[in-house]
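In what follows, subunit A forms one complex with subunit B and a second complex with subunit C.
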Partner chain A sequence: MTNRAFRPAAPLIALVVGILLMLPLFVESTYALHMMILIFISVITGSSWNILGGYTGQYSVGHAAYFGVGAYTTMMLLQFRQVPPWYGVWAGAAAALVIALIIGSICFRLRGPYFVLASIAVAEIVRVSALNLKNITNGAEGILVTEIPPWTVGGATITDWQSKVPFYYVGLVFALVVILVSRLVRSSKLGYYFQAIREDQDAAHSLGINLTLYKNAALSISAIFTSLAGSLYAVYVGFIDPSTVLGLDLSVQILMIGIIGGVGTILGPVVGALVLVPLSEALRSNVIAQGLINSGLVREDSAVGAFLKENLAHAHVLIYGILVVIVILFMPDGVLGFVRRIAVKKAKA
Partner chain B sequence: MAILEIRHVSKFFGGLAANSGVSFEVAEGMVMGLIGPNGAGKTTLFNCITGYYPPSTGEVIFAGRRMNGLQPDRVCKLGMVRTWQKVRPLTNLSVLDNVIVGALCRTNSVKRARDIAAEQLRLVRLDHKNALAAGALPIGERKKLEVARVLATRPKLLLLDEVMGGLNPAESEEIIRLILDIRHAGITQMVIEHDMKAIMRLSDRIVVLNSGAKLAEGPPEEIVRDPRVIEAYLGPGE
Partner chain C sequence: MEIFLQSLISGILIGGVYALIGIGLTIIFGVMRVINFAHGELLMLGMYATYYLFSLFHVDPFLSIFITMPLMFLFGAFLQKIVINRTLASPPQNQILLTIGLGLIMSNSVMLAFTSDYKILSTKYSSSSVRIMGISISLPLVISFAITAVITVALYWFLLKTDTGQAIRATAQDREAARLMGINVSRMSIIAFGLGSALAATAGALISPTYYIFPQVGSAFTLKAFVITVLGGMGSVVGATLGGVLIGVAESVGGVYFGSGWKEVVVFVLFLLVLLFKPSGLLGKSTT
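Then we have the complex of A and B:
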């Protein structure tokens, strides 16, 4: 089956984008906007990972490095040098590019599982460095932003960053740009070469493809966009430390978004983000236990009800893990691949 | 004029000499057959020529240029490309996309590459399978796909490693005709083959390898009568 089946039509895309652009005008719930911003950040990271992991077949489990380098560069410039974040973001992207080229030159000598291990190791080096370079990064204390200067262009204030709305739009624009870039890369020479490397490195090499060059190109594109997500996250949350923006669990989360939705497809990471972000939020904030009780399925004063209410929220990582395993076992092509297969079956029947 | 010169090429793996002191020339436009018993070092020689291994000693000169130490992608760009004994289709890509990857060697435009690819697939008579995933092809068509893909890189010299291996007589016949067509188009070819009848028909000249060294070289009718060649294949007579 080709990936070209089940491609959403242009009017549908325009409709979805239109709704997303208007959303903050109608939705007043800050929690809803917060969820949307988290989803955008996940779409950006998942799509970025997908360019390297999905298209090129180089499974990086160290993408937190680029997320964190973006986040740290923007935050250090903002807090210690008073550089506004809309400049800092680009400095963060440049820093991530430099780190990517260094990491690429080390890790791309290795193939398959050895590349995966090297990507973890190098990302850990970045995390431990951030932890120990206390005079530059504040170490484990992290960086807390006290004030974001208002964004003014020619005297007119665009935003003062006081609400979630400006972050919503920045996230939306970044996410749309990443999806567009994924689309453009896929149908270009780069995309063909990336996929040839994924399918068979030796065959690709014999057909005139410079493996080192194209793997580094994929990593560079991937790292730059991942850093944008990192910068956005940092400024939005207003606080970063090495474990949240450089940790291995973040690398795994980024990888999951790419895998759960469907590896190597343009919309896969979008689906991945739409599934995983609400899921992890729902599990973290006890809504499931509360829902079971409210629906009358479980009585609150029963032993089970009390147990769920007490413990389910603590077990969110466990449940999240189990669900991920189930998806990987039963939907090897990801959620999107699963939906497509059902659609094809229905069409044939 | 020789398009390819192999000068005293040896390749050692530890103490084992997979090739030792092999020398010969391939003239432009010809089909050079490369034969020898299993383990004679034919594929190793291909790997040395196309940049997968650097030769331990000796030189590979292609179109007047020393190739030692060049990576396979550079070798391909310079006009020398090989197929694989064990075919290597880009499984999840379509047949057409496989050949587009080859064609992109000479152009940055996907549109132009698509035109070149479609043309090559017509040439090998595989264009009715363009939209199929390469992994879904049976072995005979995979071999054709390999040939179409390397042709799309616009080579001067094509190295075919057992393109007829595992094919039935009808499929082999198609490949033989394809090789003759390619020869007609002016592309030099070096062909490793086990099917003796086929190699005799195809080759303008044959090099025989045995235990890594060159045993004999000459036109096919001389090679079949050469007692050393007969002994290497069948063992010493009584």
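Then we have the complex of A and C:
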């Protein structure tokens, strides 16, 4: 296939990682760092989803459950038990693993559309439970963390979490680890089992692959990393409530990052995050309307200009929806697949 | 006992409306194998149409279904012909994302046009009730149940007795075989999606006198539609009818005994139990 031509060479990877590591030294804009952190969180969730959905073919539309369980565990420990987040994160991952195994043992008995619907149902159970167990989760009010204790190792303070830089590095490390794990899983025996299950469950089963075991393995890896993203998000933003970290909207967003870039590829979720995060931020912050006016395409005092300035920011989800529909209709293999096809056409020409 | 009876009866009544939502989804799934994630949004459009017909032209919400139903049939048929039809051969994740995208477009267009304020459609009889054997029941619920029953019977007649209905069922049973028998499969898909949209919108019209109307109201009903459809067996119209009533009762009785906050959990647990012990649904066939 065309795969080989697009596999980035080692020096290129080293260069990108190097630039990302140095970035906070040169970039002072907190907004740029904020965007990068959001992109990292999306890369982590999208890649985690991809291990289960892309490699193993189990389209979960309930990944908010693991994101939210991680976020809630970390935040509850931090706020109510004063456990610092760098311990809480691992407790969150453990909690997500337990939930994943429970959910997996229920849902993996189902296939295809039934699995999709069951994954939504269990995530909804988790959300409604968090909403109703008011004495431990604070219910719909959510949890607001005002103070994060500084991170000290042997008396030396590593960071006091006052700026965005420590969050940037945590996000970067998590994202790199997820991508690395994706790469390792894909080319390992485990990954081949996953892909065999995706291609044909019955055939895989008849060859002696334990379906339940390997589906649960994929889900466990996926859930642990999703929960890390959830914990990072929670501590970074400082506030969570059931609808933002456990809602169906979040599950859908995670799914989109996994699919839009190109499903079942290592770089797909990265591309997905790089496309969707800046896009939704740009739509939300009205830069597009301003850009159209500044570039002279639309006169500010004209009716169209006024209308755009007034409404475009409110319409960001609408435009997002339109783009999703366009991508699905015209790039059925995702952005990455589309770019590849064009490149192949050019190479032939 | 009286409380139990009361919640049982209102559960059955609202369950009739849920059945309409479920039947629409199950027909779409049966004919095209597409899970329509925008189903609740179609219902929401029906609610808004009803609201504006009432507030601008004083059309009674229950009479407005004569306008809403054909309108939404055309809208659904249009969506199928122009958009969804292109992805029928694509992998399932593309269809899921596509219908999610369509749902986002619908709910956010409505939000832009009519703001996200909650709207209440209050008629003269909105809060009136009838007493049957000492149990008082909301009048709009009784009327909407009666209308649902009529529509459901008409639908069964359509599917069982008419040529088009039989062609739709044949397509649902085996798309390839139906095509070989000379059935215009893509036309059946268009009719099926139109029918599904019309049913969802009708359900929306029927509940609009008793529910808050806002752009995001759809997603809760999408979830409910999924539960109902799977409960009954995906693709089974009788199953969806039964599933709708069952969910209505579970919600209503569960709400009384576990508190209204937990009623959704009751529904979802019921859903999972059915999935686990009879994954093909109550009336579904064992083949996938």
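Operating definition for what follows: the second predicted complex is superposed on the first by the 344 of 349 C-alpha atoms of A that agree within 3 Å, B and C clash if a C-alpha of one lies under 4 Å from a C-alpha of the other, contacts with A are read in each partner's own complex, and residues count from 1 in each chain.
In the analysis below, a residue touches a chain if its C-beta (ideal position, glycine included) is under 8 Å from a C-beta of that chain, and two chains touch if they have at least 3 such contacts.
Since the structure is predicted, the reported quantities are computational estimates derived from the model, not experimental observations.
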Subunit B versus subunit C as contact partner of A:18, first or second or both or neither: neither
Partner chain(s) touched by A:315 [first = subunit B, second = subunit C, both, neither]: second
Partner chain in contact with A:124 - subunit B first, subunit C second, else both or neither: second
Touching partner for A:150 - first (subunit B), second (subunit C), both, neither: neither
First, second, both or neither for A:207, with subunit B first and subunit C second: first
Partner chain(s) touched by A:248 [first = subunit B, second = subunit C, both, neither]: second
Subunit B versus subunit C, judged by how many residues of subunit A each one touches: C
Touching partner for A:112 - first (subunit B), second (subunit C), both, neither: second
Subunit A-touching residues of subunit B, taken from the complex the two chains share: 50, 52, 71-73, 76-77, 81-82, 84, 88-94, 97, 100-102, 104-105, 108-110, 113, 131, 133, 149-150, 153
Footprint of subunit A on subunit C - complex, ascending: 29, 33, 35, 83, 86-87, 90-94, 96-98, 100-105, 108-109, 111-112, 219, 223, 226-227, 230, 234, 259, 261-262, 264-265, 268-269, 271-272, 275-276, 279, 288
Touching residues on subunit A, where the partner in the complex is subunit B: 1-2, 187-189, 192-193, 195-196, 199-200, 202-211
Residues of subunit A defined as touching subunit C within the complex: 53, 59, 61, 106, 109-114, 116-118, 120-122, 124-125, 128-129, 131-132, 248, 252, 255-256, 259-260, 263, 311, 314-315, 317-318, 320-325, 328-329, 332
